[in-house]
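The letters A, B and C name the chains in turn, as written, and every chain counts its residues from 1.
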Amino acid sequence: MMYLRQILTIAGKDLRSEIRTKEALNSSVAFSVVILILFSFAFDQAEGFEAFLGGLLWLAYSFAGALVLNRSFARELQNDCLDALISSPAPPSAVFLGKALANYGLLLVVELLSLGVFAVLYDVRLSGKLPLLLLVSLLATWGMTVIGTTFSALTVNLTMRELMLPVLIYPLLIPVLMSAMVLTTGMLTDVPIATNMVWLRVLVAFDIVFTGLAVVFIDDVLVG
Amino acid sequence: MTPALLVEGVYKYFGDFPALRNVSFQVAPGSVVALLGRNGAGKTTLLRILAGLSNPSEGSVKVHGVAARNAETRRKIGVLGHSISVYDELSAHENLTMFGTLYGLPDASKRADAMLERVGLGRVRDGLAREFSRGMRQRLAIGRAFLHEPELLLLDEPFTSLDDKAIAVLQGMLQEMRDRGRTIVMSTHQIREAMELSTHVTFIQRGQVAYDGERQSEMLHDTGWLYRTYGEQ
Amino acid sequence: MRQNILFLMAAVFTGILVWNMNTVYGLPQQVQNVGAYKIIYLHVPAAFTAFTGFFAAMVASLIYLGTSKLKYDAFAGGVTEVALVFATANLLSGMIWARYAWGIWWTWDARLTSMLVCVLMYYGYVMLRQAITEPTQRARLSAVMSIFGMAGVAFVYQSIAWYRTQHPSPVLGFREGGGMGPGLEAPMYWNFLAMLCLAVILASVRMRQAQFATEIDSLRRMAHNH
């Protein structure tokens, strides 16, 4: 009970300060829109273009997401706030999960806004497909969040952290992004979900395994 | 009686470099310990270990008989470091309420208000920390460290760069802590101020304890005495 | 003692390689209508050695987190770097063969892609190590990264395998559909052994360098402090 309260307190704190400054949200959404526009030049909207849609959407999500994730632990650097959190009774895993939860919320907001832009720019009809897209987004975004938040903590004291984070997380995120792309493309091109069940399973397994690893090893990351 | 703080054989290595070597001492409840030593002697490293921010490479730290990284122990410790450790984007009241909730205080919001009055920030409770003057931010930080009425206070150079008002607030609160039998460990360069408050002195040199005992009257008047008597040449 | 073991391994490594080169030279030029197949005696053992290294590094990282003894970190760091070299050898030899057999330098085949991702991941690990200057912090953080990396490798391999496969079906006997025919497999295993010896030699050189570096770092800190 106490643990849950601590998680929510930290998540609430992160969300509140992000909503006040909007520095991560603004840049992330703007970046995502820019990517979506750039892709329209990369792929001429010709026959068979649908096959790229899922990939396009998730690339935009993941590039924009790195901006949100980069801010996560960097936010604690100012005034050495992380020290106050770690010396509080909240266990490191609660600090981690709280911050992950806040990132999750922010990423989902960025994705929702980008999805609107995406649907308009690429004339994608989403009606009837939203529940499945929501499921895929929730699962894949949690995978991105867990990896991103862990590595945000891992790189927080590095001078090059903003350059390091993408290099470290994208290779690890390949299974998540690949699954999400296959599922999203399949959904947009009306492939029955039964064919792609395996990718849903990859997402669930990834989420479980890496959430577990993060919770177990976050002590080593945060406490010297 | 269980000591308020028991440090046994603590080593801390950075790579092969021993920042702390076999540090052992204990602090009885109600004492005020001045942690002295030159820059780089290991004071901050030691305080970080006591605060549970860092694990010792060897040895153990116990607070009232319980390990330092235990959640119950951390509830009893208050930490005030070099930095203020409050969030710029949150208001004074939100900052304190947040930390109060993390410490499991049942009436965090009320406690936060009381503390804000106490450190003279009652009128600006809803102002963002970012908008505060330096002195106000420091008082907010003091409020954060004392909010949960810690039994053991760890202060790293608390008087450095505080303004007059913040020093007055801090001294008042430390005095009150002392009167209520709480334990205080503080590292400091301001030897005179530290000496007046302290009952004990722990002097660290090159990561080792060079002197550990009661504050002696010579220390009060002659700041160089400690270094001359116990320090290596 | 340690040096003698290393010399012994070097001898074993050289012996096996020379003997094996002779064996491989005597093998037919083509097997099952595939030419230039002999590169496999470099390609496959290099992959095995790389994965053995990544796995050993993960085990050492776990031990480091349990014991805080820096020698395990030096081991993990050294072995990962060496494994990265073998993984790169695997990629390059694969590309050369693909150019010969398929007429292309690169194809997004499952195994090639997985190995490429793997190389990128552990390249990140090496970058992370270089970005952290304090040895104990470096050990802690890179140990966590190594563990995440190994779990990532498992996911990457499985999911890319489901995604696409163009690779000639695995040649080794313990996988179904493979098999190179009698007499052709043995030199590959011997080469694996030789490469393992080489990897151990290289890794221990890197380990010793890492230990010196830590020592120099601590001397420097001592000099600054006094």
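Just so we're on the same page, a residue touches a chain if its C-beta (ideal position, glycine included) is under 8 Å from a C-beta of that chain, and two chains touch if they have at least 3 such contacts.
Note that the structure is a prediction, hence the values are computed from the model and not measured.
Any chain bridging subunit A and subunit C, meaning touching each of them, is among B; the list is complete.
Relative to the centroid of all protein Cα atoms, the closest per-chain Cα centroid is that of A. The pair with more inter-chain C-beta contacts, choosing from A-B and B-C, is A-B.
Across the assembly, the mean Cα position most removed from that of subunit C is the one of B. Note on chain placement: the centre of subunit A and the centre of subunit C lie 31 Å apart, centres being C-alpha means.
With centres defined as mean CA coordinates, subunit B is found 38 Å away from subunit A.
Averaged C-alpha coordinates put the centre of subunit B at 49 Å from the centre of subunit C.
Within subunit C, contacts with two or more other chains are made by residues 136. Annotation for subunit A: residues 224 touch two or more other chains. Note for the complex: subunit B touches subunit C at residues 13-17, 40, 57, 206. Those residues of subunit A lying in contact with subunit C across their complex are 147, 150, 154-155, 157-160, 164, 167-168, 171-172, 174-175, 178-179, 182, 198-199, 202, 205-206, 209-210, 213, 217, 220-221, 224.
Considering their complex, residues 65, 117-118, 120-121, 124, 127-128, 131-132, 136-137, 140-141, 143-145, 147-149, 151-152, 155-156, 158-160, 162-163 of subunit C touch subunit A. The touching residues of subunit A, counted against subunit B in their complex, run 2, 5-6, 9-10, 12-13, 16-17, 20-21, 78-81, 83-91, 223-224. Put simply, subunit C touches subunit B in their complex at residues 68, 70, 134-136, 214-215, 217-218, 221-222, 224-226.
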